[in-house]
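I've put the structures underneath this note.
Shared between the two complexes below is subunit A, which has subunit B as its partner in the first and subunit C in the second.
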Partner chain A sequence: MKKRGRGVGCMWYGVGNTGLPNPAAAFVEVLGDTSVNLMVGCADIGQGSSTVMAQIAAETLGLSYENIHVTWADTAVTPEGGATSASRQTFISGNAVKNACLDAMGELKRTAAEKLEVPEEDLIFRDRMIYSAKDESKKMTYPELMGAMKYYGRLAVGAGYYNPKTTYLNPADMSGVPYEVYSYATTICEVDVDTETGEVDVLKVVSAHDVGTPINETMVEGQIEGGVAMGEGFVLFENIEVDGKTGAIKNPIFSKYIIPSNMDVPEIYPVVVSSEGDAGPFGAKGVGEPALIPMIPAVTAAVEDAIGCRFTHLPIFPKDIVAAVKAKEAEEAAK
Partner chain B sequence: MNNYSVLGKSEIKVDAVEKVLGTAKFAADYTMPNMLWGGVFRSTVPHAYIKKLNLEKARALPGVACVLDHTAIPGGNRFGIIIKDEPCLVDDKVRRYGDAIAVVAAETKELVHEALELIEVEYEELEPIFTVERAMEEDAPKIHGDSNVHAKKFLNFGDVDAAWDKCDIIIENTYSTHRLSHMFIEPDAGISYYDDQGLLTVIASTQNPHYDRGEVAVMLGIPANQVRVKQAATGGGFGGKLDIGVQLHCALLTYYTKRPVKIVRDRRESTMVSAKRHPITMHAKTGATKDGKLVAVDVDMVSDSGAYASYGPAVIGRAPVHIAGPYECPNVRCSAVFYYTNSPMAGAFRGFGVPQAAVCHEGQMNALARALNMDPIEIRLKNAHKVGTVIPTGQKLTESVGFADTLKMAAAKAAEVM
Partner chain C sequence: MREFDFYSPTSVPEALELLRKYKDSNAIVAGGTDIVIELNERKHTPKVVIDIKRLKELEYIRFEDGLVKIGALTSHAAIAADPRIAERTRVLHTACAEVGSPQIRNLGTIGGNLSTASVAGDGVAAMVTLDASVVLRSKDGERTMKLVDFLNGEGYDKRNALQSDELMTEVFFTEPDAHTATAFYKLAKRKSLAISVIGGGMRCSVDDAGVVTAISLRGGCLGRYPLQFKAAEEHVLGKKLSLELLRETLPMMHDLVLDLNRNRPWSVFYKKESVQGVFNKLFVDILAQLNMEVGA
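Let's look at the complex of A and B:
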């Protein structure tokens, strides 16, 4: 018999390394034709960090996304980026990029202030224009600004880094400031469980993530969707088996270590939640690992809800479900 | 909402076109003139001294450029992101199935395999340890040094022992999670060579090129600025490419041959050697008032961290901090112990112990909701972190705490679509 269930799972995730310094850096140069070279240490492993860095640079400099060329993860060219781990790169390398751009903007602001005859602090750089916040008629285009830079022999180069504001944790009780910001998430999952075969059909998943400020909404949604699929595999499909004599992994290949296929992935409804804060670049936080985490308890809870059995040991394979259903029936018969 | 010009927009990824057209160059796609292929001879036993290692037959095979063991390493032979406890090539003893013992470079991939087959090794086997129960016994053989305890953490906030009297309900459960593999779609690969300026260059599939640079420099005993590590287009990592992969072995072979060397792991080798998710057993005791307010959380956790530290210290640091979940709780205690064993090495994997912690805190939260006959969203909202919350390390949250909104918005969306 098929039984439907629904479960909720939540998580919080401290962004960056735990109670340790973990800085990252960036270099930037705005060229005479308003194109930009941005050099970041941050490794892009497909999640899209280089795209995020380009968007942060464009926003900070007041240029277009298309103006930015990113070189990443090349130690002869790019400064220290630290690991692409701990959901840290949008927050930490993102802040480094912002700081590098602000550094390069020192000369840009000085030059624009001189040409427009307004105080530097009144200047707004946006959409390839520079203007006074107090009098928008005082304005110039970016190419005009770069022309002036050339005339004065000035270069727009910047370096920046960021180290999250944390403390080392007290070894006695782990007290301290382990992370500067935290991401949050809630996942709700709906499943059908076949009580005879033990098969679980994950039907629909809603996953809401507080990312502070989304830098690229489609990429945030992509992370959430990938995380949901990985969480489904975590609970229902995947398990490394180790040979008890040799310690060898018995199922190192895809035909023996099963991950979800397209046919297994449910309908996913990502919900991008914003929250106010100054720590991240424009308030952004990480989503890379949070995307996965709440799906794991959510799908577990949904299976529990469907058949009225508890599962405290993962994974939950069909045989475990059939055994739990039988044990429950036996228990009920005994009453 | 803030009024941004570029942020928030779904710009097309900077590397989208190359990925879509199939022209993006992954590490295995690189090929160079005069290039050699490299391969690694690995242990097939979990715990042993090496009595004899015969490389001569492999060296004698025509087309083999070099065969090296640990004696060839010019610099340091211990690496690891946090604790340097893993050899580039085994020099004292084998600690897991798949430990690297020797490396081969040859003119073709086929010759590499042939040469690897010709390497002969004799082991003096030691008792292998595959469980934390055995690892903690006094008479158990020691994997490293004089203790099998890899790391210990103790988090203590409020007064847990005094808090149980204030609870109307106490729930106790033991949770366990399993060992998982990242199964990144692209197996580890890399190519090394000396560039025009004489820099020892490695192009690799990696999540941490700057760390890789440091390890290669130490292993070769040369300054870090004489090494260049470049990340190739990388087909996923999920933490599995944070430990150094083929980079050290490629670099060592290039150092001796002065030729480009490429190593591509097949799926079996990749899965066998890269770190796995820590399996964690958590005994949890959670107390609350009858209206569902958390009063105390007490968790003991143990894990089999495998043969080498890898990112174990990061996992054991993170899991206790997160163990109570995104909920206010005035009394939290967590004791964690990770053990060295001869099991596959556990390390970084998307979440660093927080997925395991979430299995525990959400399992407890759902159990609490059922016992108190409360709605799972309602009980969470009642305890949710907010600006001003003091977390179990004593840190006060001052901004960007959107947890309650995720609960409300997820519930609203679920009501609409489910």
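Let's look at the complex of A and C:
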């Protein structure tokens, strides 16, 4: 018999470790044709960090996304970026890119201020134009600015890095301020559980994430959807089998390590919640791990809601569900 | 170093000639979805590999003389896409539509599936449910046998009755009539790209009064070959079909699975319980298909 259940998972999650130093850096150069070479150590493993770095550089410099050429994660040339882990790259490498761009803008601002005869602090760089905040008729295009830079023999190069305020934790009890900002999320899911075969059908998932300012909303949605699929696998499919004697993984192939297929993944409604930005670039926070985490308790709770059995170990396999249902039936019969 | 010689005949007689010539050590490749893996893993080290993929004459689905005849080289995808199979022979349609992945379904053939005779072969369970027969040809001629006898046969590699110079050319079964319904349910670890945990097959015929005139209840992955729930079949045969009647057989299935799999305590608990869930779904499916005859 199929039984329906619903579950909710909520979480808050720290981004930007402050317990230990946690830096990343970026190099940038704006060239005469207004194209930009941006170099970051940040490894894009498919989550789209290079896209986000280019967007942050374009926004900071007042250029277009298309102008930015990103060289990333090449240890021969790119600066330290730290690990792509801990939901940190948008936050930390993103801030490094912003700082590198601000560094490169020193010469750009000096030159524009001279040409437009306005104070540097009044200058706005936006959409390939440079103008005075107080008098928008005082303006020049980026190519004009780069022409002036060439005339003066000035180069727009910058380096920057970002390290969250390292507070360190109390070595005695690890107390302190462990993260610079926090991401918040809630995931709700609906499942059908077949009490006879133990099959779990995850039907619908709504997953809402506070990401501060979303730098790229489509990619944030993609990360949420990916996290939901991973969370489903975490609860219902994925199990690393280890040989008790040798410690070798017994199922290191995808025919034996089961992840959800397209057919298993539910209807997903990602909700991107914007909030007051904190220390992140333009107020952005991380979403890499938050996308996954609340799905896990949400599915587990939905299974419990459906059949009235609580599971304290993951994954929950069909055989575990059948065993729990049988045990519950026996318990109720004994009453 | 050359590990084997490779032949790609273009006609059945040519293939049979090669099989006879190299009967001491050969392997037949049709879709290759099983045998190529076995060759790569050196589970088989034949001197000669014969690729029969060019024998287009063995790719067909024919409805004739009250029989459904399927050429051995017909792919799972082709069977799943045939509207006549989908309408009348749901058990085969579903088994072929859900086996493996799209790539496996495009390459894998029904003849290969039956010849490999995997414990988890969905095509095997479906064809046994349909009480199919297979046609085997060699240079000496042709022989026809029931699939269940084929599976229990002791041929050259002990998998089935196939001799080393024989080629399976066709599988056929009686075309299910309007009073017959068939269904397949694949219980697996996920909804696609999965090997069956149980592949349940059911075929049921009723007369105008709704009395069961023929029944087949088979469970793949529960034994070396699709398990026949004989006591359950006997319980239902000759009685007026209803969900209650069918559900009375569930404890019999439970007991049979438990009996036959006692040596696998880690899997028997789940299988003896879930087999009932699988057949409960099949019962509902069959009754819905026979709606005209038996009522809701």
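We take it that the second predicted complex is superposed on the first by the 331 of 335 C-alpha atoms of A that agree within 3 Å, B and C clash if a C-alpha of one lies under 4 Å from a C-alpha of the other, contacts with A are read in each partner's own complex, and residues count from 1 in each chain.
Methods note: a contact is a pair of C-beta atoms (placed from the backbone, for glycine too) under 8 Å apart; a residue touches a chain by one contact, two chains touch by 3 or more.
Not measured: the values here are computed from a predicted model.
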{"item": "Room on subunit A for both subunit B and subunit C (clash or fit)", "value": "fit"}
{"item": "Superposition-derived angle with apex at the Cα centre of subunit A and sides reaching subunit B and subunit C, degrees in steps of 10", "value": "70"}
{"item": "Touched partner set for A:248, first subunit B, second subunit C, both or neither", "value": "first"}
{"item": "First (subunit B), second (subunit C), both or neither touched by A:322", "value": "second"}
{"item": "More subunit A residues in contact [subunit B versus subunit C]", "value": "B"}
{"item": "First (subunit B), second (subunit C), both or neither touched by A:134", "value": "neither"}
{"item": "First (subunit B), second (subunit C), both or neither touched by A:199", "value": "second"}
{"item": "First, second, both or neither for A:262, with subunit B first and subunit C second", "value": "second"}
{"item": "Minimum C-alpha spacing, chains overlaid - subunit B and subunit C, in Å", "value": "12"}
{"item": "Subunit A contact footprint on subunit C (complex, rising order)", "value": "187, 189-195, 197, 269-270, 273-274, 276-278, 280-281"}
{"item": "Touch list for subunit A against partner subunit C, complex", "value": "194-199, 237, 255, 258, 260-264, 318-319, 322-323, 326"}
{"item": "Residues of subunit A defined as touching subunit B within the complex", "value": "6-14, 17-19, 41, 43-46, 48, 50-51, 54-56, 58-59, 62, 64-65, 70, 72-76, 80-86, 126-127, 169, 172-178, 181-182, 184-188, 190, 204, 206-210, 212-219, 230, 234, 238-240, 242-249, 252-254, 257, 259, 267, 269, 271, 273-280, 282-283, 285, 288-289, 292-294, 296-298, 300-301, 304, 310, 312-315"}
{"item": "For the subunit B and subunit A complex, residues of the former touching the latter", "value": "1-2, 4-15, 44-47, 81, 96-98, 128, 130, 153-157, 173-181, 183, 199, 206-211, 213, 227-231, 234-239, 241-242, 267-268, 270-272, 276, 311, 314, 317-318, 320-322, 325-326, 342-344, 348, 350-352, 354-355, 358-359, 362-363, 365-367, 376-377, 380, 385, 392-395, 397, 399-403, 405-407, 409-411, 413-414, 417-418"}
